[in-house]
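The structure appears right after this line, and notes come after that.
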């Protein structure tokens, strides 16, 4: 389910199938998750979003697992249930162990706590942390 | 500056100095940043927060740099200016290069984008991503 | 369902019925959605909230459809599932097409992305954008 | 400063002055803070917002100080610097001591932490907490 | 359900049972809610989180009911469904009446509204509200 | 200022200048705002972000002014000061009058209020609003 419905592979236009195929090839899976099927109603957005993610999540200075855990951290902070479910699954597939997941959650919790406390106390940024010094 | 002011080392009580000393020793620095000087007005909170952070940010299944970048990711998502400044500085000190920082920002941006789009389209969680299956 | 339950029309006090009637008349519908039935437990809040919404959402310098899409944009950013469902339905009723919805989602996604990236890079506001110049 | 500028008392229209006077009388102050001077460019919004706040923040089942601290808690969670500054000042004026402020910050920090951890672990709501049972 | 599953009392290790026992004793209940059963997979986090909450939520300059309502206010602002359900239940148990709940919701709603409006109008903080003057 | 500094036109590489030129041509301006100068340290991100924005903000089913106001609505909800300043300026350039701005702020404020109240009351989505019926 999704606001505009989900477009299954067999019902997809050729331009959408090209993206679906690339997603499955890149991710080494044989299925497409609902997010893509939902935005496939907007093939331009589908193509743009997939190409952005493919570029951004590729190995680089940060490895794919680290990137996936950062994705989870943001999704948890935003309380996005779909994203937490999907990116936790992706992170596990890329090697996130239970121990890593638990530490990830602790860091995310701590960061959310101190983000608010420091703002609540109206703490000024230290000179040492200022950029362009 | 801070709502209750900042407690400098020389003005700190013995119990606060113990924490300040531990912070400097653990972090191998010779100064205390404003966050700690602000919450030092509440020595119980100072002790609790420091001990929590010390435990959570220690090397474990995740290395300290990865943890620090996750902290930055959360702080950016929460738009906490103080935390972005301080944890970006900490991450750099622990080895975050410019390339890593740039990739971190791209992942954070992308995650924030798709977190909202998937929610806006009211996409249901795929069976494959559900827990407890 | 709701924390205090839902007050149906037939069970409503006269003061609540007056608001329910006005909601149905103004919106040209023959039913009341759960939000109002939930806060009807607080007739003062029901009256205040309805009168505020009625005033704010009325045609003005911005047309009702534009206002409704802005409402959706905020609700998506806040990840409020109820509000996304109800205001997407309202926007459609006021003329939002699938094409408009898809563009709305893309703008909301993009804005959420750059909101975070610009903050993460600690970018200073340009002189040209400062108010009161 | 503000996007549309600030409307000072001497420059205000009679309808705006009526609200300014009521704010000062109700709050027992002899000045108007910038928020009101900013939205005074929209006298309808000024009137609506002031009347809402006056009604909501009046003594009731909750006392004014408790309400003000709840306002601070929300403002900290939203990282609204203006609101933190203004409502912390208001809370102090209504009797919030340093001890109360420090406990308030600790609760806000803790709540922000567990809000995210529970969501990150995808914890289902206990039957005992469900409404309408 | 939860990402790592839920650890029931009979399956818990002795160190986890000690915490479970303390939770039930402190809260005068005979059951453990899912949050604790979920993070019990990380006994260090379980112990730390429980001890923090126990310390922070204890009676002090603020009474336990006020603290619980502040917890609800934060949870609502963060749209954390689990936390809203659990802390609303806790607040009721500590004496929150329907009237108090309704006023709490009104204050939370109002604060969220003005937090955004003041930021949207780019209002500068009044000199009178600045700290360290 | 920005974490990595700002890259001015005269110091930019040819690939960055191509983007800068396209931004100025598309927007009919003779200067580049700081956001682009900050992310120009990552030419791939610069190109991707600009092309995405150019595509998304172009006239379509929604006109450019409506899109810009939606951008402001999201930025205000996220409390992103830079984005509020820059997109309010852009919206004005595209024709947003003071009256439109004021109504925009009122809708954003109202949406933020009811987003939280409906969640706080734990209101279930009406059958009529559910998708896929």
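Things worth noting here:
Going in written order, the chains are labelled A, B, C, D, E and F, and every chain counts its residues from 1.
Operating definition for what follows: a contact is a pair of C-beta atoms (placed from the backbone, for glycine too) under 8 Å apart; a residue touches a chain by one contact, two chains touch by 3 or more.
From a predicted model like this one, the values you see are computed outputs, not experimental measurements.
The chains in contact with chain A as well as with chain E are B, C, D, F.
Taking the mean Cα position of each chain as its centre, E sits at the greatest distance from chain F.
More C-beta pairs in contact connect the chains of A-B than those of the other pair, out of A-D and A-B. Chain copies chain D and chain F are related through a rotation whose angle, from the C-alpha fit, is 120° to the nearest 5. Centroids of chain B and chain C (each the mean of its C-alpha atoms) stand 34 Å apart. Each chain gets a centre from the mean of its Cα atoms; for chain B and chain E, those two points are 21 Å apart. Chain D has residues 1-4, 39, 49, 52, 77-81, 85, 88, 102, 104-106, 108-110, 112-117, 119-122, 131 in contact with two or more other chains.
Taken as a graph of touching chains, this assembly is complete, with every chain in contact with every other. Contact residues on chain F toward chain D in their complex (touch as defined above): 79, 88, 98, 101-102, 105-106, 109, 122. Remark: chain B residues 72, 76-77, 79, 81, 84-85, 88, 104-106, 108-110, 112-117, 119-122 touch chain C in the complex. Looking at the complex, you find that chain B touches chain A at residues 1-4, 31, 33-35, 38-39, 49, 52-53, 56-57, 60-62, 66-67, 69-71, 73-75, 77-78, 80-83, 85-89, 97, 99-100, 102-104, 106-108, 110-126, 128-131. Touching chain C in their complex are the following residues of chain D: 1-3, 5, 44, 48, 52, 55, 131-132. Contact residues of chain D toward chain F in the complex are 3-4, 39, 41-42, 45, 49, 78-80, 131.
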